[in-house]
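Letters are used for the chains, namely A, B and C, taken in the order the chains are written, and counting of residues starts over at 1 for each.
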Amino acid sequence: MAEIQIRNVAKTFGTYQALHSIDLTIADQEFMVLLGASGCGKTTLLRIIAGLETPSVGEVWIGGRRVDHLPPRERGIAMVFQNYAVFPHLTVFENVAFGLRMAKLDDRLVRERVERTAGLMHIEALLQRYSGQLSGGQRQRVAVARALAMEPDVILMDEPLSNLDALLRLEMRAELKGVLEASNTTTIYVTHDQVEAMSLADRISVMHQGRIVQAAEPVEVYRNPAAHFVGSFIGNPPMNFITARNQGDGKWQVAGQQFTGPSVASETLEFAIRPEDLSLAETGLQANVRVVEPLGAHILVTCDVEGSLFRAVIDSNSRVKAGDVLHIAPEPDRIRWFDPETTLAVA
Amino acid sequence: MKHRFFQGYLYPSYTNSVVTKFNSPEAVVAWEKFRELWQYTNPGSTNFSFMQEQLLSEDVWVAFDHTARLAEAFNQRPDDFIAFPAPSGPTGRGFMPVIAGIAIPRTAPDMDGSKELIAYMMKPETQLATLRATSFFPVVDVDLPDDMPPAVQISGAAIAKMSGSADANPGLLPSGLGDEGGKFNQVYVDTFERIVLAGHDIEAVLEDQAGTLRRIMEETGAPCWAPDLPSEGACPVD
Amino acid sequence: MDNRTLPYLLLLPATLFLCVFFLYPFALVAWQAFTNEAGFTLEHFRTMADHWKFPIAFWNTMLLALAVVPVQVVLSITMAMMVTRMQRGRDIMLYIWTIPLGISDLAAGIIWLAIFEQTGFLNSMLYGLGVIEQPTNFLSYQNTWVIFIAIALAEIWRATAIMLVILVAGLGLIPKEYDEAAEVFGASRWQRLWKVTLPLLRPSLQTALILRVILAFEVFAVVAALGGTSLPVLMGETYNYQFELQDGHVAAALALVILAISIAFTLFFLRVLRVPKGAQI
């Protein structure tokens, strides 16, 4: 049982505030992904949970025990590092066994566990090799095996797939998901890759400038971004935004069209819609087509709607070419609204 | 300078010899006496070289050294130091005066110039100037003027007393050894270090070192010099 | 120019230099050690070994290396770790610690002589504190162990920095992640040092040890300054044979003995601190 609670954690390096008052609870056996661009503080947060950094303020609780003053080895965690950190002077076997040896398990048990995890990660044949004789993918497997062998309550992963080539990353991603689901551990996984986050996570915490902007299930994060940043960061291509003017009574004017939105007093709101929620129609937003990119099943149309850049993913049967003037209609129940001051979603 | 002490002072004073009686009952007595005396010396003296320094710093009160290496002590504190002759032993008062010879190679390119240089070096004024500057005493007969530095006056008086004593037993610097001069000296230094510093058995050490000495003498074929009696061929080691 | 010949051409000056100023003199020394007028002989080695001071000099040299080098290993590793962990002032600290490197070994010997001799600082201090009644001569032939300690101290003071510099560079090459990984997987500070840092430091440790041990067998000026003839070492005996006794043959034999010891220890460290193929960082 290892629920993780992060309570009001902040971290400053000199004058630079890396984390602002983070509160986050990760349920037992949950797969939590910390997603954000580089410099957003996700790795710092992971290292604070690991005990490799100390928080400037705040508390970290793992399994009902406050751990922020404890060294990493007393936290019941295991970690997979971005550059694997597979010890070059030890064989694969001794790498996987490292934590078990430190815990002074007897030889027979160590051998059993190493062989079991090696089987799980398909590295049985490599046990007597050194890391210099392994490929990047193999090293990755060793690093994961080393963490799994500990049978930890919590596994922390810092961009574990970022150094692999695209094909290998896809393969490892699926494998990791299977292995971790079977292992009953709580997992915190740091990445900047939204596809990875979507495919792996039970929940995603989107981080931006040292804050968690939204922590929710992948579909929720995608469909109902809690802030402008989430909408623009997640989704490829990202959400389209354009300014809407208040007409009163929950009516908003966008590029000459009227839409029903939230009944709030502010003069303007941001109107947001995902590219795949736009379709060609007789009436709708008037768009001047700039670029047309066939993607196979769909066409990505980049166009200009009253000075704002819009992208629409439309059916590949449509005959659209650059220079056309189209009308594109948003799916009414997929329109989202954001406050331009706070950038937060408005219902 | 300790090798000179053994060659020119200790051995002549006890054995009336430097080489021939190197390993003899008299030599055993000499080393026994020296070992006994050594306990009164400053233990640091194995590393002293210019005794004027230790005299001035008062690390030692009694010192044995070449006049040139004592000059500063007399010059700086003429009232505090006295010079006295080397002590005498059963076979007289051994000491080691220097006899210098000057020669011109037959092939010298400028024979006349060389002769002139030698004549200049032998002039009394030149000798006196050398004495003043270095405390190396004249090698020609010179009357010392009264205004000499204190070192010259003090040590000069002691040297005169020593050479003029009834039991004077001057020995010469080793000669005829060529390149082996260093090894010859090393025999005496090694003997000292083994007997006095390391406490080895005197007879065994003398026996052993005599072998080395004999080899050197035979290899170089150097004949004996005073106080050893002149030899036919290499100076023998008994 | 042909790309294939270029590397050899660039290596040529250094190779020629080594041949002329190392291999050729080495051959001459070896020739001198093994020959006399009559041809090949072991006589010079016999002369060397028969001299009463040879075993003393041999063991003094060995014991000095044995006493000094391990202390220096521990010190330099400790200092290197301290420097590596410093956030600020790292370079200044490193410069200060490496100052003794800029001092010649003879000067170092004289500095320590000024401390230990009868009129030296140590005597004045002890006398001033009332610990001793009168200045004593620490460096006399009667207690060679004090001379030994003084030489060891001077050597440690003078030559630890050369190892420090190599180890600091070596530590810089080890990614921080290894230490963090070990920490996460339960290793204590000591365990991290023994199981991770030191094994990863082997290549630098090897270089530092070989360099230092070879220098330790060549110890000379510091010994000459502090011990005079009271504590003979191999290099001092070599000097003595060459310049005092004018016997280049025996000096050459001694030089070859020193060379042989150096080679033996180099091979030893190459073997013991070997990093298996594929196990490099």
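Structural remarks
Basically, a residue touches a chain if its C-beta (ideal position, glycine included) is under 8 Å from a C-beta of that chain, and two chains touch if they have at least 3 such contacts.
Note that the structure is a prediction, hence the values are computed from the model and not measured.
Contacts between chains trace an open chain of neighbours here, each touching only the next in line.
Here A-C and B-C were compared by C-beta pairs in contact; the pair with more is A-C. Separation between the centroids of subunit A and subunit B, computed from CA atoms only, is 94 Å.
Separating the CA-averaged centres of subunit A and subunit C is a span of 55 Å.
In whole angstrom, the spacing between the mean C-alpha positions of subunit B and subunit C is 40. Across the complex, subunit B meets subunit C through its residues 42-44, 46-47, 57, 59, 179-183, 185-186, 190, 193-194, 197, 208.
Residue ranges of subunit C in contact with subunit B, taken from their complex: 52-53, 117-119, 137, 139-142, 227-230, 244-247. Residues 50-52, 71-73, 77-79, 81-83, 85, 87-90, 98-99, 102-103, 129-133, 146, 150 of subunit A are the ones touching subunit C in the complex. Subunit C makes touch with subunit A in their complex at residues 175, 177-178, 180-188, 191, 195-196, 199-200, 202, 275-281.
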